[in-house]
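By written order: A, B, C, D and E. Residues from 1 in each chain.
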Amino acid sequence: MDPQLPITNVTETLLAMLPEIFLFCWALVVITIDVVSKRKSETLAGYLSMIGLLITGILLSFSTYGKGFGNMFFNDPMAAFFKIIFISAAFMAIGSSFGITKKKIVNHRGEFFGLILFSTVGMMFLSASREMISLYIGLELTTIPLFVLAAFFKDEKLSIESGIKYFVIGAFSSALLLYGMSFLYGLSGTTDLLSMRLNIAAFHLTFKQIGVVVLISNIMLVAGIGFKLALPPFHQWAPDVYEGAPTPVAAFLSVGSKAAGLVAFAKMFLLALPAFYGTEMFPNDWGMMVGFFAACSMIIGNVVAIRQTNIKRMLAYSSIAQAGYIMVGMLALNEHGLASVAFYMFAYLFANMGAFAAVALFEDKTGSCQIASYEGLSKTSPFFAVSFSIFLLSLVGIPPLGGFMAKYKVFAAAIAQASAHESGQWIYWLVGIGLLTSVFSLYYYANVIRQMYFSKNDSPYTMTYNPAILTVLIIGVLGVLAAGLFPEPVLEFAGQISNSFGF
Amino acid sequence: MDILLNELAGRPVFWIISMIMLVSAFMVVTLKNVFHCAIFLILTLFSVAGLFVMLNAEFLAAAQVLIYVGAISILMIFAIMLSSNFAKDKIRMTSKNAIVVSLPVMFFGLGVIALVVKTIVDIQPLWNRDPADLTALPADNTMMIGKYLMTEYMLPFEVVSVLLLSAMIGAIVLARKERS
Amino acid sequence: MTEHSYLIVLLPAFSFLMIVFFLRWKEKIASLFSIAMIVTSLIMSISVLFETIARNGEAYTASFTMAQLGSFKLQLGLLIDPLTAMMLVVVTAIGTCVEIYSIGYMKDDPRFSRFFAYLSLFLFSMLGLVVSDNFFMTFIFWELVGLTSYLLIGFWFEKKSAADACKKAFLTTRVGDLGFLVGLLLIMYYTGTFNYEEVFAKIGMDVFPPAMLTLAAIGVFCGAIGKSAQFPLHTWLPDAMEGPTPVSAIVHSATMVAAGVYLTARAMTVFVASADASFFVAVIGVVTSLLAATIALVQVDIKRILAYSTVSQLGYMIMALGLYGYDTANGHHSPGFYAGTFHLMTHAFFKSLLFMGAGSVIHAVHTNDIRDMGGLLKKMPITAPTFLIGSLSIAGFPLTSGFFSKDEIVAATFGHPVFTVLTLLIAFMTAFYMWRLCFLTFFGKPRDEHRYEHAHESPKTMAYPLIFLAFMAVFVGWTGIPALSHGFASFVFHAEPYHPHADWMNYIVSSIVGLSGIGLAWLMYYKRKIDPDKLAERFKPIYTLFWNKWYFDELYDIIIVKPILAIGRFFWSFDANVVDGAVNGTAKVTLLWADLKWWFDRWIVDGAVNGCGWIVRAFGSLLKYIQSGRMQFYGLFILFFIVAAGIYKFESAYLNGWIFTDFLEVTTLFVILIGFLSYFAKTIVPESTTKPKREE
Amino acid sequence: MLPYIAVAAVLFSLGIFGVLTRRNTIGILMSLELMFNAVNINLVAFNKFVWTDALIGQMFAMFIIVVAAAEAVVGLAIVLLLYRNWQGINTDNINIMKW
Amino acid sequence: MGILSWLILVPLIGMVYVMLMPKEKVNLIRYGAVIISVIPMLLSFWLTWDYFFNYSGSAAMAYMEGPYEWIPSLNIQYLLGADGISVPMLFLTGLLSTISLIASFSIKFRVKEYFAFFLLLEAGMMGVFVALDFFLFYVFWEIMLVPMYFLIGVWGGPQKEYAAIKFFLYTLFGSIFMLVAILIMYFTSEPHTLNMLELIDHGPTLSHTLQMVCFIFFFIAFAIKVPVWPFHTWLPDAHVQAPTAVSVILAGVLLKMGTYAMLRINWPMFPKALQDLSFWIAVLGVIGIIYGALVSMAQKDLKKLVAYSSVSHMGYCMLALAAYSSVTAIAGVMFQMISHGLITGALFLMVGVLYDRAHTREIALFGGLGSKLPVYTALMLMFSMAALGLPGMSGFVSEFMIFIGAFGALNKVLVGIAVLGVVLGAAYMLRMFQNVFLGEFNMAKWGGLTEINGRELLTVIPLAILTLAIGIYPKPLTDLLQATLDNLVLLMSR
């Protein structure tokens, strides 16, 4: 189960933690340089952050699997995989924020990027923890900078509103999560997730049943983590926040924060509580409950998105829906399950970050987020239209783009689970809902494409690209295509995650 | 319920502290004047600290007092004073809202208690242990905590400091008035 | 020559291709080329005929595989037996006449060469039909003659009536083909082959259940009904007279419409095996014949009279064949087969003669209405006598072809008194209406002086064929004179010569019938002893019925055409509205979550659904408020679900499903919960806050 | 142990109630603190009555206190922004974005 | 790289070429695209030729390429192959693609994008007909949707947006069923595989319920593409709104994918389910025949009429497919697919020719065009006659084979009803022909119409020749199909 050599001494531990440490220091460097340079350069902080992320990525490739500080730091394939996702998400979010740093947040560029990096550090710690306390702290380190980032346009009501909404609901959910965690601690006497799993199993065997307190913790944990995933019915903050927050932040929320939530979910439920998955553990089971929420997510996300006229709001609902698909993969407790989640996240990263980058670019140019204002763009800015269409089509799940591969993998996992166990038949329904709603989703994604392509008029706008956003768009397109056409390395990597979880 | 009553019967101090805590918490969530709320919040936090002491968590109690009472509450009072003219600003809760909310909240609270009771009954030896069987908490738990913080919990400790740093930076960025 | 007989078929096709691709612009050459081809075919046909006679009527076969899948084969093949040889000569001979005739008739037509192309194509198809050795090939050419008929009827397609008529002809015959196809399917299913000889052999081996055999036979006969314009599909033929007259002469009198008779004769073995089918055939034949004759009595359009006459005569032949099948099936001897095929031949000549004559007349007076003619005998020294000869022949005047062949048909009905009486009645009517036509057209005073003045004899190219055909109309029937050893009969019955009744009584009766018909017409229209108008007044209902052709067109329009169109439109509207609506509906149901009003107005227009729609709408418009924009409500929403999930789980675990027992209840409660929440959300939103326009 | 858990449950519920009903944003922050405190009581109580061999519960509570402090700081900063932009911190007005 | 890969790759290369051209060089783009598309066409011709002479005797897959590992962790392979049922389809695709590209010269705006999408579409179509790995098949199946969506949506008629999204949604809706079925097949097979040929062996070992479920799922997916009544409503919209060349491809190739996939996957894989359901499939087919014909009769728009006639014609395919035990019927399906591709493709081209000149397709507005446009009329007559199943044309052979085969294998009454379609088919075609080409010519209104030009003739004539050739001498095609179909029938009758 632990294929990795344990890290024995502090030096090795620190070496294993090098990417995180480096990134944290780099964040400080970025902030400092920005302050020291009197915030003269529009782009310096941004490029510095991107470079820092690149270096982190390089460092990451040298880091080893293993654990340190007890179980507080536990570098396993899942951590490594998701760290890549976090770093890439941060990279692309930063790349798409050059527009706003140029005009809107002139005085706090360094802090803006620094906070994104802090949040990334939090995510990385989160993904590398196998212990409830560090998990929680990682989660908070992820979220708290995001509260600030959401409200970063200090004189725009929308941004402030999104900030306060995100904050209140976030803190509320975090309290709920903690409450659930406290009961788990009460049951198992440990915060180490693996020991918790063993303890609970042992107690379950000893006492025949360990009471309905697990029920409370399950529900509370789902609510707390569901908030991060924007999983209905814990999703309502998402559209508002995405709409109000700076677009790159919304992008980062929709990918990075979501991925962090997934990691937390996987760790809490698949690592600590897998025994309570099925209906035989009724009423303490969580499988069907999460399945229900996933179904809600797919339905509500896709259905409501159809009505949206604001593209950020539409993408928010779309990301709510995507969370549902991911959860379908999460619910498949087999060797494909987690791998599919990870892979989905990987493909989703490029498509969604790309889409948000396009939206950010357009918003910087025109100040509008209305879908209708995308009319006729394909003639004036073909590259923009093509790449945006590719992102959207990938989100729909059209082969050979990454989104399709991801959906395929997820549904394959679910069907493998459903066809293997009699009690898992309900997953078929989930798959059915997922597939049906993914057809619906076409409607609103295609609507944007329709605006860009089918109009007879030329758009009054012509996009201009700065190097950063161009990089982001190109990375997005290449990533989406690569994830669809040559996904093997990623899939193999993702497969290791399942292995390390014991599936 | 019997269990609850039995246990309560023998502990007047707990009874008093928790009552103070709950009543003042109730005040916090119902009073109109937000400044009064803050005062009651301090009282609540104090009583929580008291409970911590009863639970052999002296260091925690101290931290509670220091951090919450000493820092957060004061911060809040500052915020209140900064953000509102508290003499005039008496925001009322809408009654409809309160009623509708109180229903699920009551369900929630009673449900949790009921489930806990049920669990205690179900897993008798685990959760309702005879105090005699328990190894007592180390008396020098403050020292223990110190040790923990420097060994096992070193990493979260550091990460929390990063968290605090980032929160601080964030708060400064947000709170700072821009020169335009 | 027989082994090259495929050339007979292919030469007209060659002519068609040549004209279409190369000779289209050179009208003279086109027509001459076409004639040259058909004459060659004629010569070859004659030689084939003699060779067949020399072979003692033995069949010659050759085949070519078109497609093959395992044992299933589609083949083209030749079957040259006496029947084929006879038909080859008839078709090519009349074809030759018509093509020559057309040079004159179509002289000034802008699509002159195209006409010859079509004629060649028709001849190709017709000859292919004649020589085919299997049902499949027959069916192919059967359809092809249908196509060419379509093209030729619609040759002057600018005329709406022509355009309508060609469509009607094609469609009506296709209805018959439907039956033919089913018959073919049955034959294929039970015998596994289409080849005539194999099918007949298989029938002898009892592979067919009797009922299925009858069905198959009737199916095949349906083809004949359509093509030969038998009741109830006879309505297209009179309309088909919208085509140029040479077309009527060859396609719609002599050859194509006779294809049905030919098919029946060709497949006689099948009918012989099923008495019921044969009887059906006979009845259809006689009914058609009678029906058409009655209609012909009162018509005034010269070509239509001839058309109904054609229908009537075809019914005659069909009846004869049917009776043959019936009698043979019952073990009796009958001359029906001989009579039918014999009449087929004679009729081809005299009817094409009549049509061409009529064409000549029309050419001269530029009208079809016989009431506007009269006294043309003097003006048209060639047309009129030949026409009269033709009329004599069809009326059964002794020693003409029609006399001998019709006589055999009457002979075939012996043993079936009803048929005998009807046959004689029809013969009487035939003589009457044909001579009514003759008297009105050629005798008496001209009724339209203007037209009369301009009338003139047709050019030589039109006249010579008439003379030739008149000659044939008299003498071709002599091949069947019993006294001359029944030449025709023994020829077609090569294997088993059968001597028909050479009954003098028979001859006398039919002569009397024919002559009395002529006489009545003479009395009414020449001598004016009986006023036809008064007679019409007297029998007004019957007259009207006949005049309106028994209302068949109207009937079909009401019971078939209109309903089909209506159903088509209905399905279409169904398609456009309901199916689409339902499908779009499911997509739109999604929208209804957010805002149902629009959906409601647009899609639920039906009153019945209103109640349902209202509930959904009310619910849907409430749901919108869930996304109320108030963060505390969002928190409440979370709390609600936590509590709901807890209650649900706890309840079903420990209260044994006291509240929630099944999925439906849970769903209902869930829906109620959502509804309540959204209602609540709505109430806590201050009314004044409407969604502001945020960005422009 | 039960009284502590029960009291914590009630405190937690009161916190929820406050978060969901206070129309003053700072009131919401206060109620959040109540919730966190309830969690802490839980943890410490479990540590005292069930799992006495280590101080995990107390450690956890410690971290929660710190995190709660950080959250409060950020929250108050945002409240300040609210006040600047809306000239008030009443939650009723903060619903520009909806539907 | 085998020939099959090149078939897919060449259009993609063409797409890249078109994308690299500056958009002002319209002619370079047009001619380049056509020339590049000629290569796969010639390849497909050669393939047909080679298959006919070298492989047609055996039922085995010829020209197998792969399996090469593509995504080993999901057992997804790159596996191509062609047999007797793919080769004619490839032929058709190659031919119609080139013809449509030539017909696309009338596209005047956004030429570059148009041709790029078209070539992508061609690659997708080729891929569907050669893919033997389920995943690969699905990918190609879906890839076509995108260019199609754009082709309809950007260059289509007045209601293009609705039509485009409807097409997209419908097809996607169908494909999700296919996806589920593929996954079920994958996970029930041991070892897990996506190789169609292996799954064909695996299918009958499934439990009866699972067979039924998978069968129905596949059926829905393919039926929407065919389209089988009642899944047909996307078709008239898509056809009518699409530009001419796209309609041609839609009718000529895309619809065939449904029936092809049924023959390739659905039918042989679940013989038991097929045997249980064949009656109902036949019923759907018959309803389609009659319904399509009746609805065609009510149409006022020329193109819509042709579109609905497709519903009717594909109904024949379904009827014959239901008669799975008869080689004749299945051969009829293949014939019908080819002949419908040729004939309806040609009809759409012809309608497009008229539309380019008259800018309307309203049947009632025309009349008597026969006297003004003789060549056009003659061609139109020929194709109308072919469509209504006149002997000597491919449509007749196919319908005849279908009837013969279905009559032996199916409920006779049902086939009897289906035969009615022959008359109805004649009825709507003749109605149309009469109203448009016969009758009086309105000189004032349509005096300016010009005769069909050389380029347009170039697109139509090959179709005419093939239609006639197959109609007159179908034996080469039956020889080509024989072995494959025998084997298929064996598989389907397991």
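Keep this in mind: a residue touches a chain if its C-beta (ideal position, glycine included) is under 8 Å from a C-beta of that chain, and two chains touch if they have at least 3 such contacts.
Note that the coordinates shown come from a computational prediction; the quantities given were computed from them, not determined experimentally.
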| item | value |
| --- | --- |
| Where chain B and chain D overlap in contact partners, by chain label | A, C |
| Maximum centroid distance from chain E, chain identifier (CA atoms) | B |
| Contact-richer chain pair (by C-beta pairs counted) among C-D and C-E | C-E |
| Distance-maximising chain from chain A - centres being C-alpha averages | C |
| Central chain (by mean CA position) | E |
| Distance between the centres, which are taken as Cα means, of chain E and chain C, whole angstrom | 32 |
| Whole-Å gap between the CA centroids of chain B and chain C | 96 |
| Separation of chain A from chain E, taking each centre as the mean of its C-alpha atoms, in whole Å | 43 |
| Euclidean distance of C-alpha centroids - chain A vs chain C, Å | 72 |
| Multi-chain contact residues (two or more partners), chain A | 133, 137, 140, 144, 147-148, 151, 154-155, 158, 164-165, 168, 172, 186, 212, 215-216, 239-240, 443 |
| Where chain D touches two or more other chains, by residue | 12, 15-16, 19-22, 28, 50, 53, 59, 63, 67, 70-71, 74, 77-79, 81-82, 94-98 |
| Multi-partner residues of chain C (at least 2 other chains) | 587, 594, 627, 629, 631-632, 635-636, 639-640, 642, 646, 650, 654, 694 |
| Interchain pairs in contact, sorted by label | A-B, A-C, A-D, A-E, B-C, B-D, C-D, C-E |
| Chain B contact footprint on chain D (complex, rising order) | 1-7, 9-18, 20-24, 26-27, 29-31, 33-34, 37, 40-41, 44-45, 47-50, 52-53, 55, 58-59, 61-63, 65-74, 76-83, 88-90 |
| Complex contacts: residues of chain C adjacent to chain E | 65-70, 72, 74, 136, 139-141, 143-144, 147, 150, 154, 157-158, 160, 162-164, 166-167, 170-171, 174-175, 177-178, 181-182, 185-186, 188-189, 564-565, 567-569, 571-572, 575, 579-580, 583, 587 |
| Touching residues on chain B, where the partner in the complex is chain D | 3-4, 7-8, 11, 14, 18, 21-22, 25-26, 28-29, 34, 37-38, 41, 44-45, 48, 51-52, 55-57, 59-60, 63-64, 67-68, 71-72, 75-76, 79-80, 82-84, 89, 91-94, 97-98, 101-102, 105-106, 108-109, 112-113, 116-117, 120, 126-129, 131, 134-138, 141, 144-145, 148-149, 153, 156, 160, 163-164, 167-168, 170-172, 174-175 |
| Chain D residues within the chain A interface of the complex | 12, 15-16, 19, 25, 28, 32, 35-36, 38-39, 42-43, 46, 50-51, 53, 56-57, 59-60, 63-64, 67, 70-71, 74-75, 77-79, 81-82, 84-86, 94-98 |
| Touch list for chain E against partner chain C, complex | 169-170, 230, 232-233, 236, 291, 294-299, 308, 327-328, 331, 368, 370-371, 385, 390-392, 396-397, 400-401, 403-404, 407-408, 415-416, 419-420, 422-424, 426-428, 430-431, 433-434, 437-441, 472-475, 477-479, 481-482, 485-486 |
